[in-house]
Structures are given as structure tokens and as C-alpha cells.
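Below is one structure, written out as C-alpha cells; the observations come after it.
The first chain written gets the first letter, and so on, giving A, B, C, D and E; residue counts start at 1 in each chain.
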Amino acid sequence: MQRKTSVVVEILRYGAIFLVLGFFVFPIFWMVLTSFKPEEAIMVSPPRFFFTPTTENYVHALHDKNFLFYIKNTLIISVISTAIVVAFGSLAAYSFARYNVGDGHILFFILSTKMMPAIAVILPYFLIFRDVGKTAVGKSLHLGLDQHGALIVSYVMFNLPFAIWLLVSFFQDIPRSLEHSARLDGLSRIQVLRRVTFPLAAPGIAVTAVFTLIFCWNEFLFAYILTRKAASTVTVGVESFFTLQGILWGPVAAAATISVAPMLIFVLVMQRYMVRGLTFGAVRG
Amino acid sequence: MPTSPASSGFAAPPAAGRAGLSDRWFSVLLITPAMLITLIFAILPLVQALDVTFRMGDLSRGRIGDYVGLENYRVVFADAAFWQAGWVTVKFTVVAVGLQMILGIGIAFLLHGATFAKGLTRSLLILPLATSAAVTGLFWRYLYDTQFGVMNWMLGNLGLPEPNWLGDYTIALWSVVLFDIWQWTPFVALIALAGLQALPKEPFEAAELDGASRWRVLTTLTFPLLKPVLFLVLVLRTIDCVRLYDAVAVLTRGGPGTATETMTFYLYRTGLKLFRMDYASTMAIFFLYVMLVAAVFALTPLLKQFTDRAKEA
Amino acid sequence: MYSLVDVHKRYGLRTVALRKLNLDIRPGEFFVLYGPAGAGKSTILNLLAGLTRPTSGDVRRDGASITHLPPERRNAAMAFENYALYSHLTVAENLAFPLRAAGVRPAEIEVRVKSVAGVLGIPHVLDRRPGFLSGGQRQRVALGRAIIRPADIYLLDEPIGHLDAKLRHRMRAELKALAVDMKATIVFTTTSSKEALALGDRIGILNAGRLEQAGTAAELYDRPANTFVASFVGDPPMSFLNVSVRPAEGGPALVTGDGQSIGKAPSGALGRGGLKAGVRSTALTLVDPGTPGALAGQVEVVEHLGHSSIAVVLSGTDHIQVLLPADARLRPGERVGLRVDPTRLHIFADETALATDAA
Amino acid sequence: MRKSLASAGLLALLSSGGAFAQECTDPVQITWSTIAGFYTDAMASFVKSFEDANCAKVTVVNIDNSQLYNKQVIEMVGQTGAYDVVTLETAEKAEFAENGFIRPMTAFFADKQDLLNDVSPTLRAMTVEYKGDVWGLPYYTYSAGMFVRQDLLDDPTEKEAFKAKYGYELAAPTTWEQHRDIAEFFTRKQGDMLKGQPLDKDFYGVGLMAGPFPEIQDEMSAMIWGMGSDWLNAEGKVPVDDVEKAMDMYLRLMPFAPPAALTVTYDGVMNQMKDCQIAMTAGFFLDQWPNAVKTEENCPGATMAAIEAPLKKAYVGGFLLAVSSSSANPEMAEKFVAHIGGPEIQQQFAEMGGASTLTSVLTNPMFATPEKRATNGQYATLNQVFESMAGFSSNLFKTPFGAKIYNTMQIPLQSAASGQISAREAAEQLAADVEKICGGPCPIAN
Amino acid sequence: MARITARRLIKRYGAFQAVHGIDFDVADGEFVAILGPSGCGKSSTMRMIAGLESISDGQILFDGIPVNAVRARDRNVAMSFENYALYAPITVYENIAFPLRSAGKDAASIDRAVRSVAEKMELTALLGLKPGALSSGQAQRVGLARALVRKPAVFLMDEPISHLDTRQRYRMRRFIKSIHQEFGHTMIYVTHDQEEALALADRVMVMSDGMIQQMATPQEVYSRPSNAFVAGFVGEPPINFLDYADADDSGLTIEGNRVALTEPLKARVRLIGPRGLAAIRPHFLRLGAESPVRLQGRGFITEELQDHNEIFVDVGSVRVAIVTPPGLRVARGEAVTISVDPEHLLLFPADVKVKEHADEL
């Protein structure tokens, strides 16, 4: 469209974008900056922008607090949860999208579980996993308290509704004729799913995976109640920096930077998918 | 002369045999794993929670006790703090979601018209989304600090008043709102931006030729066309805000006093500090009930969108 | 032989796609389904392919019901109107897909893909993904994917509708020749009268889920069962005059609204009003205004189509299209006379054809 | 500081671990849930020596202080046996004992009276005993006194000005009124003079822990106990008038505290101190001495002193090590409690800067030397506190609802501190809340 | 109403040039069709006239006044779009009223105007519907009504009937033609369908590769195409191209057949040289050897279109289409002679691009 936008408007626009970015990026910048500050430069007023950077906070977090242990737990739990969410979610979403199974009622039911306040069910969860963990199945699947399985199951449960929500739109965006064509070529429904539908829905599945991973990675309450030590995740691990001497801000910043970094890198890599995925197929021209 | 491509030497097609799984059973099979998980881990705890609402349940005394009828409901509904927490939740949700929508849509428009560094801006905007409230919320506490915080330092340098962000009971809730805005406005902005970019161009060109003012284009075209996607974001954000816990726990712990005590935080305090699972469950069930009633209204149009599309042959 | 027996198809509660439809497709024939958008053409293809099931009624093959046979067991090949190309695969992989699914040897797949690509004129795009093809190229890939393997029935959903005029014309001939060579059973849908007439051994005319008429091109052209078929077959379409039957010398005559007689009425139609007389543009001759026995009218619009022209003439309240040679110099507003070939009049009552003595 | 401690721990590990090493193929597993942070890290070496000596494997679970209570309760209620040794606040002991979460250790200590008697009697009464039984050993005390900038109290210019204004000598406060005057006196704006030097930022008379944490009631305990009252009277009810009075007193201090007071707890106050923003604390945990003394490095001319709180009453308590009833290895757990709470480990713990609970350690002359001032300089004051408060006990620690009350009290108190409600309203709300928690008057054990 | 002039009009998208400095004039009230394959620059040209696309270089003048700097909304141009570009959120009535409301007309006159144009476009019954509920034919009529209601100086149409079926196309063609006859707008109509262009336009502007190939009346474009591209693009069925060689005054050779030439063709041959393209319209070819120019071939397929037949004959490597009266057939592989009068031979320089184009689209 021919729009003679004046220079003034453009300057204002980029000025505004700069301010917006400043607001959204600064806290993270400050966190990263703090992670390199020596202890004596953190709790001082006025805040210090210039200091001799140090890696002592990282040494403390990684070495003294063995923070990589929490990262490892988080990684295991998040990745497996995400894989299950995507797998179960894709199958279910596909069923909703193509067969309209339950005519919206089952979908509504699943979505409505997203309304459930986690706090309301956290203690029942605790008791369930306590008991399940003692059974043979529970033992083999590590479903007990302070075991990875318990958190994985919880995260799967709490992320399924959103994942299904996202995925339904994606599957609806794939023309049926593609699947039809493959079936006429002799593939069964399941083969069609594997060889045609899922590859085509890859961007959508990727977006769903990104969101699920972010949510799992950042979850706090379940990790806090259902784990003690062996399966604790980073959000719980950060708590070990709240000491009787106060919060160790430098190491916390370092730990937070370490724990956020994989997510940031992941998200930046996936950002094109994410923006495409965020339309949910809900905008139709 | 082309020869017929489909000639000899071809593996025989599978013979027509049994009819196989019907669509109906296939579709049911597909939702089974998700349904099993949901049924077990949503319904079971909920049933337990519901059961507790009719019992005496002081966990720190080590037991879920006798049935007391509707006593817990009476106590909860008579509890001023419960309604106060509800009111805080409503205030928080309305303001936070409202501002996030307005700012997010504004930013989307800002970026939509931009030609330069759009990808970079978009990437940077995603950053707050990728962080957890439990961790970055802690840093916002540091930013908000009246002495050591960089926020008041900047305001002071600009000669602006330096609020006691988390300590002033008239401000604290809005400080939590500000944090939530920081974390979630990009979500709204990115979806709105994607929505804007997906809009068809031609009606806007037609409107340009028709000499419509920007305002008319916005009100009759842009917003109505964006409505479905904006509504979806609105619903998602509302659900999350109503359930807000992490940010409050990290930033204010409901304080000062009860100024920022949201419903879920009060639930947490009742359930996990006082261990009155009876009251906590009752509140949770009531909360869920209200949410579900709201969801019927909020989700129905979205679901209709899904099922309508699913029904398209 | 494929048959649809009393097939009723509904989508959701209200949308009725097919109404009690009966249709036979004979082995080895090129059957064209022709009708406007939304008439139910694609639904029929989907039923034959097993991609959808009838709400009621039966789909049969050689007399046996295949209504519940899943598509992968029907050995049907289909080209979809929206191409249905796999965007994550190259053109070559798209073409190879049905062969891979059937477990054909890689060496043979390669030969076949090359051969089909050659027929369709797309060998130079084999390595590209569908996203980088023009609409015409995509359509050819879609067609190629359907014809690359032997199938019991080929279902082609407007497979050349998006090609440009020149290519469409060429592909039409290729397709027809291919069909003759393969002796394959083909069901082909189109919205173009020319394609339907050029290709179909038999043509089924669909309208709003109903089969209006099925038959050879000549049957449909010469003996349309109703005004819908009449108006739909032939390019340019048939024109209609509102006529009634009046007694006249030498028997009852067809008389237009403004009292002009255009020929003898069919027997049994005496006294009936509200009839429609259909006349093709080729059955009209332009004569000087006032010529006895000719319809008088006034030229409304003249369209030059290169080799010929079409004039729309208003006679009374009826618009009549006349095909003229290119050099006919007519202007809007000019008065003309039209002589009707009485042997090529089609008389319809209540939209349905009446047998005419003349025809 | 931290580095030196870490290396000290390493030394201890090498010496003790080497000495007690013996064949141990199937160690007994026990788990200790405790507060995340500095001192528990230091405990690693003591755990190691215990493991080697007893063929045990001790898993230490560090939990944030604010979450320790509920986390432990969940495991106790669930009878998971996940924690063998738990760490309890003074206010929580009664609840855990009453509900059967922890095992009485009376029998265990029957032949170890010496060890029991070494625990400061004041502390012992409050943290160890309940209803005639012994429930464990405290291993760390956060009993409160007060930190002051002695250099300010001693500065002649300030002394003169203070006397001129208030009519009495500037010195360590012995009443809360004096405390208020001093707080008011030292509250200055940026650019004002302090000790004859212009201030480069605002300066405040007192640091308060009025943030959304339970510690506000620890500060107020000093005031209400100083008044001779208690949070709960003998009938198990909140004495509304007394709470109001204490609250009033607290509110009169608020104007002289940094605005951050409403958001912080003890670490915030320490940060303010170290950042040269405040002149003193109110009732404050003496275990923070090693932290507080860093002010002397950061603020030129500063001298820190740990003194008793006005009226010689302040919060007293310690972290109690107790054995969970659901423990699978209670004998080992009991041994562990005695090990950590025992004189040998407490001595080593003190050497690392921990606030020990044993009289023998606190009074050990080696900690009174100038070299030990940075780590143990508060010991003398701590002893005084125990002496001053000998025979004191609070009903808050005698009711099984103590922990819940403790976890709720902060809300009305902080509401009042932030100005949302009046002192009277806070007191009344507290009374109502407590009544609701206890389901009437709170039962008080004798 | 306005006269439109383009002077050295250029459109660039980054490094790509879509329109290469074209000149043309559209008289006041004239109906001009811009005809060409997709990507030929026809839409860019129209959009520059509308003001929806900036002009990279050159000028567009309305009645002699440059409008380069005039915003689209101020050019008083109406346009109907290929995909209708209706305002989905509002009713048909409001869609049609939209330009009038934008212009700030009063409610009563808007209502009058909307109802009158709706009446004319047979939309009265649909006024209360939203665009989503319309069929494609209805939607296109709403688009036209919206354009008509404002009485524009210039009326632009971008492929307005390409999505309709045969019957509807005929109907809409009449409709558009009658609108032009009634209101006399200056109309510019972009299409890739030669039949529409010929049927509707006073003059046809054939474009290819960003350049005007020919701009003339439909008869002229059909019977005297300026080059092989125009000849190939205009005409249904499409013209047959055959390579010829060894051309001199004595004649030329087409697929092994030696053909004698008439005087005008000799002149053409002298101009083009010994090799080139011979183009023959299918309508002029005959089965049999009646006409002087004869070619030998073998039958490929016969299509019976009832009112005529189209017969494909392979002449050497070239497949030639012939239009014959109904009833004539040629069997597959049957040897046939086809012939044409030399006056119907069109000769062009060999232009490789002509063939490529057809393949790529």
C-alpha cells in the first residue's frame, strides 16, 4: 500500500520500539550483569554499572552448589514431559480436529482442566504419588515422590490442555486431501499420521513443544512439593541460594542465567516457528 | 508420443479385505492416552478434594476427619479474607489483562508498520516469556528495591518520585501487575502481530480506495477481523492471571499485609501453611466452579470455531 | 462397474451434499461429473474413494457393497482440486509417494517418475518443493501422482482447471488419449462445458446434490432433460424464450410474450402457457429486421470473440444470444431479425423438457 | 569469608574422615531436612565424620527457610519416612510433638544428661522440652539481641546534639522509648551531617523487618515480652490491648526505618547495615553477627556492637533437631541428633562462625579473643541474653497451634506496619485469626 | 470520468523490475482490458493507477494532471478485486454503504444510493447478510456494487470473474458490459482470460514481461497480432505454431511440407529471414487438401463439442488443433492432409519465449 510515512513518524516509531525493547530486555540484561558482579558490588546503593567482572558467582553456583545437578534433572523431566505431551497431545488433537470426537464436549472437558488451580490438587497429587511409588509399576516407572516420573506425569497432565488447544488448530490447517491422497495410495490411518500428517504439522508441533518445554522448565509448585532432592529442578534449586545469610544474589543471578540460557537459545532458534504457531490458525482471511 | 505411464511390472495392489477399524473407534483410540491421564490426574484429585470439602481436615493435626456437611462452605463464605482475596484477584486480572491487551496490541501495531529490525525485535520480545516467574520474579524484587534497585535509581535521576514498589500497600498490587505485564505482554503482542500479518490485504486496499479514515478501518475492519485471535489471547491470559501464584509468591508473598493476596495465594496459605485442607479444598472447588461457569461462556465460541472447522468436510 | 445406490449424504445437520443419488460408472469409461460449484461432484469422488461414507445408501463395486471398505483397500487413485501436494517433499518424492507406499523397487520408481514427468511437461522441476511451483505446475504434479500407478479407478477432481488456456487445451487432448490408451475407468469433474463435452464418454450433470441427467455428450446436448441441463451444456449457453401455445393455421403454434410466433408447438401442449423455448446460439440466423417469420429484436450487447461474435438481442422481454461471424458489424441499439431453426427448439414446461415433434 | 570456610571444612573432612575410616559396606540411610544456606553447607564435614564413625549415609536436604515448615509437615502427614531428622523452629516443636510427627527422645537422653544440661537452660526450656518430654537437641540459635553502630553512639558531636535534644545521654537504649529517640535522632537526609561528615545518601535510625515474612513478630516479641505480656495469655487468648500497645510502639519506629523495611526481612536489614544506611536494629538475631560486622569494612569509621535488646527481652529460640516418627532408622537418627548437637561438633561449628547452643561452647574463652571477634564476637552477648531471660517462657511455644499462629501473625502485624489498618485493628484481627486457628482459646501445655 | 495517461511508467520491487517504462492512453469513458499471463505486470500497472502501489518512475496523469503524489483515497478510483475484498465483519448493506459513509454522506442519501445500486445489481434480498454467507457470484456483485455506488472517475477491475463457472461468467460479462454502457465510466479491466478481454473491451492492451505487446481493438488484436506472443495468447482454441525454414520468395518449408507464398507473405519473409514461426488459427485449418497450403499429419484425437469438433493432428513433432464442423472425425494414427489458405498464415520471427511461457503457467 502506498503510504508516504513521514520521517518524523518513522523516528517516533523506532523511538517507541526502542523504549519497548528497553523495558522488556532490561531486567534480563540486569540479571546477566549481576551474575558477573563481585559480591560487594551487588547490594550497594546507588546501583553499580561499572565493576570488575568476576566469574566467582558461576563458580559458586556450578561448583559449590552443584547447580548442574538441578539443570540435569530439569532437562530430563522437561524433555520427557514435552515428548509425552506432544505425542499424546498430537494424537488427541488430531482426533478432535479430524473426527470431532465428542463433538466439542470432550475437548471442553480437557480444556477446562486448565482452569484447575494447581494448589487445589497438589496435596492429593502428593498422596497419590506416595502410594503409587510403592507399587511395582510405580517403582519401575519412577513414579514415586522425589522421582522424575512423578513430575513428568504432573507436567504432562498440566500441559496437555494447552498443547491440545494449539495442536487442534494446526491439524485443522492441514488440508484433508493430503491425508486422503495418502490413504488412496494404500497407507493405513496410522501410516498416514506418521508419514504425512505429522511431518506436515511439524511447525505446529515444534511450537507446541517449545511452549511445553518452557512451561515445564519454569514450573515451581509441583517441583517444590513433589521432590525433595534427587529430582529437584532448577526453580527449586534456586531456593538453595536463600540462606540464613540472606539471598546470595550473585550466585542466584548466575544460576538463573544458566537456567534461563538454554531456554533463551532454544526460543531464539525456534522463534520463526513460534510466531507462525502463535496465530493458532485462528486468523483466517 | 508419450506411452502410458501406468503399464506393466507393478506390484499388485492390496486386495480388498476386511473393513478395518472404523473412524469412530480410531478417533476414540487416538484420544485414549490423553483422556486416561486427564481422567486419572484431574478427576481423581478433584474427587478427593471434593470429598475433603465435606470433612474436617486439619492436616497438621495429621488427619482428614469426620464428615461435617456443608460446614466448610459456611466457614469459607463467611470468611472476609476469602472475599478480599477474590477481590484482589479480580482487580489484578482486570487491570493486568486489560493493560497487557492494550499494550500488546499497541506493540503489535508498532511492529507491524516497522520495516527494519523486525525479526530482531520479535526475538528479543520473546525473552521474558522464556523465563520463569520464580526466577525472574526474584530479580524484579531486586529491581524494585527502594535502596539497591535500579528502578528507583533511574526514577531518582530523572527527578521523578520513587515509589515503595512492594512496600506500599496502595502500590504493591500494581507492581505485581507491572511484572506480569513485563512477562506476558510480549505474548499478547506476538500473537496480535501474527494475527495482523495474517489479515488479508485486499479489504484494506479497498478501504483505502474508498477513502475510509484510519479510525474507520480499525473499527470496522482490523479489530473485527482480529477478534477471534484477540479473544483467544484474552481467554488464555485471563485463565493464567486468575490463577496467578508464582509472581505473588516471589515478589510480595501476598503482602504488605494482605494487599496482594490473590485467591491462589490465599489457597496456598490456607492449605500449605495452616494445613486446613478442608477450607482450602472448599475454596478451590468454589473457585473451579466459578471458572467453569465462566469457561462455558469464554470457551464456547472458541470451541465452536474448532468444531465448525472439524465438521467441514 | 461402480454404482452409487440411493446415496444420501449430509454434512452436519443441515448441509445436504447428495440427495438419493443413483449413478453407474461403467468399466473403462471416461465419466465426467459436470455441475456448478457445490453441486456435489467432489462428494461423489470421495464416496467412490472411500474417503467419506454415505449417510444412507450404498456404494457398490460389481454389485458388492464397498461402502465400508477403507480407502487404502480400494485401489483408487485420485487427483485433488487443491493439489494435495506434500509440501515437505520434492516433486519427485511426491510423484514417487504412491509407488513407495506400494513397495515398488527404487529403480523402477525412478523410471516411472521420469516418464510421468515427461508426459506432463515437468521434468525440470522434479527437485523442487511444491512451494516453489506455479499453480499450473502443481496441478500437473497432482495429476501425475494420480496416474503414476495402475488403479481400478481414477478420480480426477478438476485436474486441469487451473492451467492456462493454452496448456489446458493441450492437456485435455493428452488426457483423453491417455484414457483411451489405458482403457482406465476415470471419473473426472469440471465446471467447464467444453471440457465436459470434449472428454466425457458419458457426462453426469449435477445440481444441488441431484443428478439432473446422465448420458453421452450428444444426448445431453440434443435432448436436455430440463432447463438446467440445457442451460449448462454448450458454450455459449442456451437462451430461453418465454412462450405459450396458441392455436394457429396448421396447428398450435409457439408464441412469444409479445405475440411473435416461432414455430409449431409440440403435441399435447395445447393450451399451456408458461413454457420455455430453448434455443442455441448456433440455431439462430441473423436476418434483416422485419423479415417475415423472424423474431424482431434489438441488439443490447455485442461481444467480439476473435473468430466469432456473440450478440445479445432483446426480443420482447427475452434475452437471446446469437453466435455471429467475426465480421458481423452490429452495434448496440440496432434492430435485427432472428430466424429460428424450428428443428432445434427445445420446449420445457415446469423446467422439464417436453418431447417435441420437430426434434 | 566463604572461601576460608570451605577450606576449613575440607580440612575437617580430611582429618576426621581419615581418622574414623573403617569397613562399612551397607551403611544405614538417614535423611536430614534442614534449612538451606551457609551453615548447613558447613555441616557437610560433620555429617561426613558421623557417617564414617557410624556406618551411615546421611542425605542432607536443604530447604528454603520459608518453606521448611510446610514441606516437613507434608512429609510427616504423608508418613513417607522421607525425613528421619527434621529441623524445627521453636514455635513448631509443640505441634510436631502433639501430633505425633516426632519421637520423644527422653529415653535416649536418660543416660546423656550431661549433654542435655549443657544446652543453655533458657533455650532448653523453650526448644527442647514439651509436656515433660525431651524432643531433640537444638543445634543452632537465632536468639535475638540488637546490633548498633557503636561509633555513632560514641561520637562526641552526636552525643552532644542528642543530649541537647532529648535531655539525656546518648547510649545503648535500655527502653523502647530511648530506642525510638535514638532512631529518630539518627534519621537524616542526604546531605545532612553525620559524625561531622555530609551524608551521600539518606540515613535511617533503625532497620526493621516489616516485610511479608514472619520475622516482624520476632521483633515485636521483644516489645510485647518486654512489657511483661505475651502473645497468648494463660487462657490461650490474644491479649488485644497489649498487642495493640506493642504494635503502637512498633509503628512509632516505622518512620525512622528505610522504606524498604516494608519489603525485607533480616537479610535486608543486614544489607542496609552493610550499605551504611542504618544506625541500629530493633530486636535482632545475634547469629547474624558475622554478617553485621562486615559493616566495619564497608562504612569507614563504623564499629559494630551486639548488645541486649531494651528491657533485656528479645526473641529466643533455636533450630531443634528431632527424629521423625515415620523414620525407618530412628536409632541412627537419634545418634545423629546427639552428634550434631553434641559438644564436639558444636565446638567445631562455632569455630566456623555458627551460633552454638551449648553453654560450654558459648563460654569457651577461645571465642572471646580479638581474633575471633569477626566470627564469634556476639557470644558474650548471647550468654547475657540467655541469662537475662532465664526462666522465661512464652505460651506461643506451648501450644500445638504455635506454628500456625506463627505463620499467620505476620499478616495483621504487617498490615498495620504498612499503614493499611490501625494497631488496634491489627490486634483484634490477630485475636480473631488465632481463635479461628485454635478453634477457640488455644490449649496451653504446662 | 477521466482520461488516463501513463508516461514511461516503471515499477520496481527491489532489484526486480515488473513494469518497464510503458506508455499508454485511456480515453475518457473508454473500456480497456489489460490482458496477459500472471507476472506480466498487468496488476502492478493497475495498482499504480489506483495508487495502491507507488510509482517507481514515470508518470500517471488523470486528465493531464499528474497523480503520482495523490493518495489512493483522493484519486476517486473504484476497484473490484479478484477475491472480492469484501469487508467480512459488516453486512452487505454496510459494505456497499462503506465508501459513502467514509465520504461523510448523510444517512438518507446513503440509504437511497445503496438501495438503488442493490436493486440494479439484484442484491436487494442479500443486504442483511454478511459476506461469508454469499456465493462467489453474489460476492462479486457486492464488490461491483460497492465500487459503483460512489460514482468514481475511474473504475478498475482486477480479474473480477475468474472464479465463476461458465454460466455465471456469461452473466457477469453482460452485467459489466451493461454497467459500462449505462454509466460510461473509464474502465480498466485486468484479466488473463483472452475471451473476457475480447468480449468486453473497446481496446485490449496485451502485456508480457512488463511491456505492452500490443494495444488495439479486439478485432485488431485477434486478426493482426503484432507478434507471436499476442497471436499465441489471443484466440480460442489457441493458435497453432509451426517452425518454418528455408524461406525465400519461392516459398517455405513447414515440417517437411514445401508451401508457396502469397505476395504479402513474401514481404514478411524478406523481413524475418529464412527461419521463423508460422501461426495458423485452428478455425482456418481444414481437413483435406482443398486449400493451397497443405501439411501431412497423423490423427491424434477428436473432440466432439457438439456444435463443432476439435481435431488434433500431429504434424511432425507438432500437435496441431483444427476446428471443424460437427461430425468430422479422424482416427488415432490415421494419415491426414490438412490445409489452409495462405492468407491465413501468420509469420513471426522465431521467438523461443512464446513457447516457454505457455509451459510455465
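We take it that contacts are C-beta pairs under 8 Å (C-beta built on N, C-alpha and C of every residue); 3 or more make two chains touch, one makes a residue touch a chain.
It should be emphasised that the depicted structure is a prediction, and the values quoted were computed from it without experimental measurement.
Between the contact lists of chain B and chain D, the overlap consists of A.
Comparing chain pairs A-C and A-B by the number of C-beta pairs in contact, the larger count belongs to A-B. Put simply, the C-alpha centre of chain A and that of chain B have 14 angstrom between them. The centroid of the Cα atoms in chain C and the matching centroid in chain D are 92 Å apart. Rounded to whole angstrom units, the spacing between the C-alpha centres of chain A and chain D is 39. Distance between chain B and chain E, defined via averaged C-alpha coordinates, is recorded as 53 Å. Along chain C, residues 46, 70, 72, 74-75, 102, 149 each make contact with two or more other chains. The residues of chain E that reach two or more other chains are 51-52, 72, listed in rising order. Contact of a single residue of chain D with at least two other chains is seen at positions 66, 74, 271, 275, 277.
On the chain E side of its complex with chain C, the touching residues are 37-38, 135-136, 165-168, 170, 173-174, 177-178, 181, 192-195, 198-200, 218-219, 222-223, 232-238, 281, 283, 300-301, 303-307, 310, 312, 319, 321, 332, 358-361.
Note for the complex: chain B touches chain E at residues 200, 202-203, 205-213, 216, 220-221, 224-225, 227.
Contacts from chain D toward chain A in the complex involve residues 2, 6, 31, 33, 35-39, 41, 59, 61-67, 71, 74-75, 78, 80, 82-83, 142, 201, 266-268, 270-271, 274-275, 277, 287-288, 291, 298. By the touch rule above, chain A contacts chain D in their complex via residues 40, 43-46, 60, 64, 123, 126-127, 130, 145-146, 224-225, 228-229, 239-247.
Touching chain E in their complex are the following residues of chain C: 36-38, 121, 134-137, 163-167, 169-170, 172-173, 176-177, 180, 191-194, 197-199, 217-218, 221-222, 231-237, 280, 282, 300-301, 303-307, 310, 312, 319, 321, 326, 332.
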